[in-house]
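Everything on this sheet refers to the single structure shown next.
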Amino acid sequence: MSETMTVSKQQIASKRGTLSTFWHDFRQRKVAFISFLFFVLLVILAVIGPYIVPFNPQTPDYNHVLQGMSQKHWAGTDEYGRDVLSRLIAGTRISLGIGISSVLIGAMAGTILGLVSGYFGKWVDKTIMRICDVLFAFPDILLAIGIVAILGPGLKNVIFAVAFFSVPSFARMVRGKTLEVKEMLFIEAEKSIGAKTNRIIFRHIFPETIPIIIVYLTMQVGTAILAAASLSFLGLGASPSSPDWGAMLSMSRDYIGTAFNLVFFPGLAIFLTVLSLNNLGDGLRDILDPKIKD
Amino acid sequence: MVDNELLKVKGLKKYFPISNGWFSSKEYVKAVDEVSFSVKKGETLSLVGESGCGKSTLGRLINGLIKADAGDIVFKGDNLAEASETKWRSYRKPMQMIFQDPYASLSPRMKIKEIIAEPLKIHDPSLSREEREAKVKSILEICGIDYYHSDKYPHEFSGGQRQRIGIARALILQPELIIADEPVSALDVSIQAQILNLLKKLQKDYQLTYLFISHDLSVVEHISDHVAVMYLGNIVEIAPREAIFEDPKHPYTKALLSSVPIPDPKLKRESIILKGEIPNAANPPKGCKFHTRCPLAMSICSKEIPIMKTVGDKQQMVACHLYQ
Amino acid sequence: MKKYIVKRILGIIPLLFVVSFLIFLFIHLVPGDPARLIAGKDADLQQINAIKHQLHLDEPLYKQYIDYMNNLFHGNLGESIKSKVPVSELIGERIVPSLELSLLSIAWAMVIGVLIGIISAIFKNRWPDNIGMITAVSGISLPNFWLGLVMIQIFSVKLGLLPTGGIETWKGYLMPSIALGAGIMAMIARFTRSSLVQTLKEDFIRTGRSRGYSGLTIVFGHALRSSLIPVVTVAGLQFGFLLGGSIVVETVFSFPGMGRLLINSIQMRDYPVVQAELMLFSFEFILVNLIVDLLYGFLNPKIRYD
Amino acid sequence: MIRSKKIMGAFLIVLLALVLTACSTTRSSSDSGGAASSDKKDKDINIAVNQDFTTLDPHNVSDTLSISATHAIYEGLVGFDKDMKIQPVLATDYKISDDGLTYTFHLRKNVKFQDGSSFNAEAVKANFDRIQSSKDALIASHYLQYLKSVKIVDDHTIQLILNQPFSAMLNKLTMVEMISPKALKDQGDKIGMHPVGTGPFEFVKWNQGESLILKKNPNYWDKGYPKVDQITYKSVPENGSRVDMLKTGEADFIYPLPEQSVQALKTQNDITVDQTTSNIVRYVTLNTNKKPFNDKKVRQAMNYALDKNAYIKVVKSGFGSELDSTMAPSTQFYSKQKVYNYDLSKAKELMKEAGYAKGFTAEIWGDTDSATMKGMQFIQQQMARINIKLKIKAMEQGTLSDAINTPKSPDDAKVQMWYVSWSPSSGDADGATRGLFSSAAFPPNGSNTAYYKNGEVDKLIDKANQTTDVEKQKSMYATIQKDIYNDAPWLFLGVDTNLSAHVNKLKGVYVLPDGSIQVKEAELQ
Amino acid sequence: MHNLLNVNNLQIAFRKRKKSIKVVNGVDFGISKGEIVGIVGESGCGKSVTSLSIMRLFHDTSGEVVGGTIQFKEKDLLELSEREMRRIRGKEIAMIFQEPMTSLNPVMKIGKQLIQGIMLHLGLNREEAKQQAVEMLKLVGIPRAESIMNEYPHQLSGGMRQRVMIAIAMSCEPELLIADEPTTALDVTIQAQILQLMKKIQRERGTAILLITHDLGVVAESCDRVVVMYAGRVVEEATVEELFESPLHPYTQGLIESVPKIGNRKEELYSIPGHVPNPEAMPNGCKFASRCPYVMDICREREPQLVSNNNGRKQRCWLHQSIKEEERKTIG
């Protein structure tokens, strides 16, 4: 079989790495591809959402509160008479924004820590990893509560809190990959021609970690959206009046027995978004991480 | 003679601590143990031995990729063993490495022209873009790769072409010494021949000095001027090529030579098949490390470590009690 | 082996020290004054100061820490600022249901997760795999409080099968453990799948096939054990999170567990309780890591402890 | 190959099913139920409440829920009836001296504590002594700040002597309940975990965070009560879950019943929803020390811009009434004021006069309770109509209390608007006024977070307290209320209606205006 | 016809992105009882795929046999059901692989790995199987056979592991042993030991061995007959002496020529120019035409057939056959 592997490797080698192959492989994975399309739709909604909403998501109409699903209001109206669908669409930007920005921040910090920790090893590694251990030992949500409590509520702080607890997982993962890449021959080759540490870390090791970072990033965005929703659930979200899905869900949960649609749709929006992100991540991992590639 | 010496290694030692799982202990693998030799300018010295004998470690020690525990590495008259990182960096220009796995040793996310220009960027940052490209172009042609392909990535090349790229990278800084660590063992025979021919041609054209690390005696015979045979961290025999292949002295050298399968069914010879396996490097036998497998072992062999001695008239040095 | 375990356990002590200090710092960094929260809205400053004094909260922080650690060494976790109940008693009452819930959650998540993972790996990239993975991924994609709320509507209100909350009967554990375990099940399923897919490509699997073993023998007899090594790590880590990470689920199901105690204590700035709980979580996390490492050794003979 | 995979697949599915069933059967067979309360008997009732109990020490309790429990276990010399009228309980009658300084109580005879010890003057004195000797550390000491000494006249008569007249003394005494001195001696600080009183129910078990179980006190002095054997309070923080429990029969009585769920319960024939008056007032404090809230016109404009009917309809789902004074109608000396009727043009005009035609931006603070957040959103929507842009900052309660109460001086305070509620638990006018509007009660000394300062009001508050003449007090409080309402240091929102629900067969459990649950008369039919 | 195994016109294709790529196209060879046949060729020539196809071990790859027959003792292995095939695998045909490190289950004791197969195929009980296993370990020259039964693979050295692999393969006394690059990962001194062991097994047990290797030296030292493969085809077959004495196919000639030989040093080695064509874009004619020093026009147009001369020697080269001959004497 080792030979069949080399055969196919050579054949793929002639094309692998190019965007078109990636695209082709990607389209083969139907679940991931559909998820991707859904995600693209979400991004489009996040950009143009506020301009295409059928009703103003913020304007209350106290005469039409808590209406069920109807021709006029597809997803019903909430306790202030605002159109739920419009709020969901308008909220895409906020929910996705929280998820993406917090994970990007976390990934950035985590990646740097992971690279440094993995490359230098020894006490640097030990120190960074022990700190990560301690952070790991804290329940995420608790850490977030603490951070929000210290910094006060607000969108920025929620993003920061969620970013904060994604740092150790990125750090660990990037560290693992760094340890692996560090031992690779081309890094040794680079050292042997006299490359400086910075150059090795950021020009040679870092690019190797990008695929797993992308995969993990995709999945973490989902986790971050969920975490932000949990914070909203505990009343520590960005702002109860913004049409962020977590806040909508949290605000409407008292109506679960009377107006199920109020709870159901934001929950569904979160679920589908996170599901698609996770599936997308799974698919990307299959393609980008050659260990699992067939 | 001494002027002609490009590299001299004396009493070089590298012990790796063994970490068995969780706690590092006081045990060591003596990967390189008291190794001495010298290489003359324009010559090829081959280090040959089986896996775990320390030949690759030796190569990496000389290139400064790992630090030696003791001993001298004198390169162009300067002792590098204790040198600072900055000093090392300046010596990495005249001393380059070629690696076994041409695929793994090339950064997979760089175009080959970037890979080859990398040493220039590090050591000659003042060069203009055009000058750099010109150099890359000429070196690629020397190594037999069309410049037309220089925008491709390593994975788009075959094994032999990749090794040519690796050689081009090593050559671009016009080095004096090239440490080649098993440069052809991952290649098919027909490609192997191409690369060996290229290496020989380059040596002739540019007065290169090679430290050639290999486990394959037939390749070694083809390329070397001198050969050093290693066993468990020690050099057991070092001699000019003809001496090693025509008149090997050390029983291990003899066994090694006779183990090499010869692609000629008519040449049925009495081969010496060694008993047992290479002992664990962490716990090598006392005395002569080879005595456990040696067909000619004597009682002294298990007690005393043999020292290097010149034997015969061909500057052949052997560490074996048979010749003491 | 014994020596190793002892060494590891001794190694926990300094770590706990650091952790205890960090936690102490952390909880006192969070703004809020327990005295005022206890005193209630009618209280005046004089009364608040009296309570502060009684609780030694008016002393410098380092002294409070020293006193706390001193008590800790004498096996005294202090008592709740809020209810005056000894912390050990408070936690003691909660830890059993929490532990039961965690164990139940991890147990079903393991069993189902591994099974889904196996099926998915065997039928890789075909419909059973797709279904299995979508099911699994759904587990981590659902906000667990939403899942909880919806389950209550269905199983308690509509069907009347299960209690909405509480732990008076075993039924009270079912829905919380589903809400809590769904995410873990998903993680385990995904890890099992990718790990098994990888193992099934190993050379020794081909060896097994070349000897004429059937597919089931190969999967269960040869591949599974080494595939489970990474799965155990994930499960271990997840178990570590469970006890503390269940705040939301415990709220939805009125489950008297550690998470709710923690959130209530934090709200009241009940320092001794928060401190003890967080230290317990850390300790537990470290302990679980140790157990995972030992399990590793059991699953992977290459690792020797000496 | 494909066939073998199919077989394997089938096998795995069967295995899965087996494991599932195995799991469930082992669980059920090993079911022991755990708590003693697993099987509910005929005369047991379950009450679902929204929080955990904090303590059962009646002298150190501050939250309404725990007060509900202490009310079931303990009794004071006096107590409230359903309408918050003061009734003698452990005292048979009382007399107040003309100077308002001496209160004489005749104690009920043949009353025993639940541990068998007798209730007498000694016991009463022991209780007052405990509170006073705590040097302010017990919450109840707040109620006894004017108490000078306690005198035992005879075994069943006791006198309280005050420093100065205090009009709300009797109201405060409803909060001082009698603990068995024997238990106090035995338990010390732990009395909160092992309560012993004279009340209709005695303590059985308190499962932290889960439930509190009380059982009938067989020796209760008020013959005929209690009529149920056992009460289990369950902590169910999630609003929806409490309602669900009532629907599923897991609870017989729930409080609070979220307003938005009333509609859903009305369709259920076997469930009754109770509305009772409450003394909980909802309002937003406006920091009168800060621009632009220092301008009375702005504050009035904001009040005019607020549609109170919509507030009750949207935020309170139609339950509640508008707040037409500084206190709820059920509070002592309440006096109705002329409401700031919803009038947008008037509001805009006032804003213009104050120089804020273009509005301003401000922050509104509140806790993270979903009802609060809902209210804040409503305020935000309403204020937007007069161009006031509000930023909602919902803070976890510890942080919030820190932010609001710790500023050393009014100028340090960062609070602008605070969405909050207040209920005077002893139902007295002083409790509903002094802490909120007296300039001596600026944080950190009290809860005057509007930083309201009116010399006239300050004077009247003190004066009313020391007067013993009820009519005079009444008129003084009327003036106080009128002045404050006119100054509008608050956005006056509404008065809550206490909503609870119970299964039809349960009678006699009700919610007092302060939100505590009374269970003495509980009865199952 | 050989009496043990006959592979006829074997064709194997891999599926890559809906395209079917033939990596083996026309492989014919046979093995008689007790014979050692070597398949030699460079990486990518299809030799390993061929060996796997005999065992039908394309599991989990996209490979598939698309033509030809594999006749093993009167049965066409390609026609058997999976269940029947399982009875042959490990019992009648056994296989050892290149990497002794990874070919053993790392989490299973050596003894168990041996016993499992013995119990499965020989129907012995645990005790008997254990005895058989110990015997096998002794046969392959493992000194402490009993204690090694209780050890894990990682506790053994590479050579030992390959011995264990051979013991496992030989444990049911198969008639054919397929050895896929069995010594490539080993050091020369160990390689010599293993080759010696395999010859001993063939001698003593009469097991036929199909030895797949890229090392001409290994072939010369251990095989009776050699099959040379290039680009998915057999280009030449001969006895080992004939092949090295007078290679017919230019590829074989080039291959032998390019190996450096001890004691026969040249200034420059012969090297075959160019490289193996991409299987996705195979030329029409002879696949070696682009690298062949003797290339003729016909080589680029038509692919020669594998033809056999009278003494069983086969070649696929226009230099040694005329078009007529090809039409007359095709092998199939």
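The letters A, B, C, D and E name the chains in turn, as written, and every chain counts its residues from 1.
Throughout what follows, a contact is a pair of C-beta atoms (placed from the backbone, for glycine too) under 8 Å apart; a residue touches a chain by one contact, two chains touch by 3 or more.
Please read these numbers as outputs of a predicted model, since none were measured by experiment.
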Check: Farthest chain from chain E, comparing Cα centres?
Finding: D
Check: Once you count every C-beta pair in contact for both, which comes out on top, A-D or A-C?
Finding: A-C
Next item on the list: Measure off the straight-line distance from the CA centroid of chain B to the CA centroid of chain E, and report it in whole Å.
Entry: 32
Note to self: Centroid from C-alpha atoms only, then distance chain C to chain E, rounded to Å. What do you get?
What the structure shows: 53
Check: Between chain A and chain B, what is the separation of their C-alpha centroids in Å?
Finding: 48
Next item on the list: Would you please write down the residue numbers of chain D that are in contact with two or more other chains?
Entry: 4, 238, 240, 244, 247, 396, 398-399
Next item on the list: Hunt down the residues of chain C that sit against at least two other chains at once, touch-wise.
Entry: 30-32, 149, 153, 157, 201, 203, 206, 214, 251, 266
Checklist line | Multi-partner residues of chain B (each touching 2 or more other chains) | finding: 158
Checklist line | In the complex with chain B, residue positions of chain E that touch it | finding: 42-43, 157-160, 187-193, 195-196, 214-222, 240-241, 244-245, 254-256, 258-263, 265-272, 275
Item checked: chain C partner contacts - residues on chain A that touch it in the complex -> 1, 29-31, 130, 133-134, 136-142, 145-146, 149-150, 222-223, 226, 229-230, 233-234, 246, 249, 253, 256-257, 260, 263-264, 267, 270-272, 274-275, 277-279, 282, 285, 291-292, 294
Note to self: List the residues on chain C that touch chain A in their complex, please.
What the structure shows: 15, 18-19, 22, 26-27, 29-32, 124-125, 130, 133-134, 137-138, 140-143, 145-146, 149-150, 153, 157, 190, 194, 197-198, 201, 203, 206, 237, 240-241, 244-245, 247-248, 251, 259, 262-263, 266, 278, 281-282, 285-286
Note to self: Quick check: in the complex, which residue numbers of chain B touch chain E?
What the structure shows: 50-51, 158, 160, 188-194, 196-197, 200, 215, 217-219, 221-222, 245, 255-266, 271, 273-274, 277-278
Checklist line | chain B-touching residues of chain A, taken from the complex the two chains share | finding: 10, 13-14, 16-17, 184-186, 188-196, 199, 204, 207-208
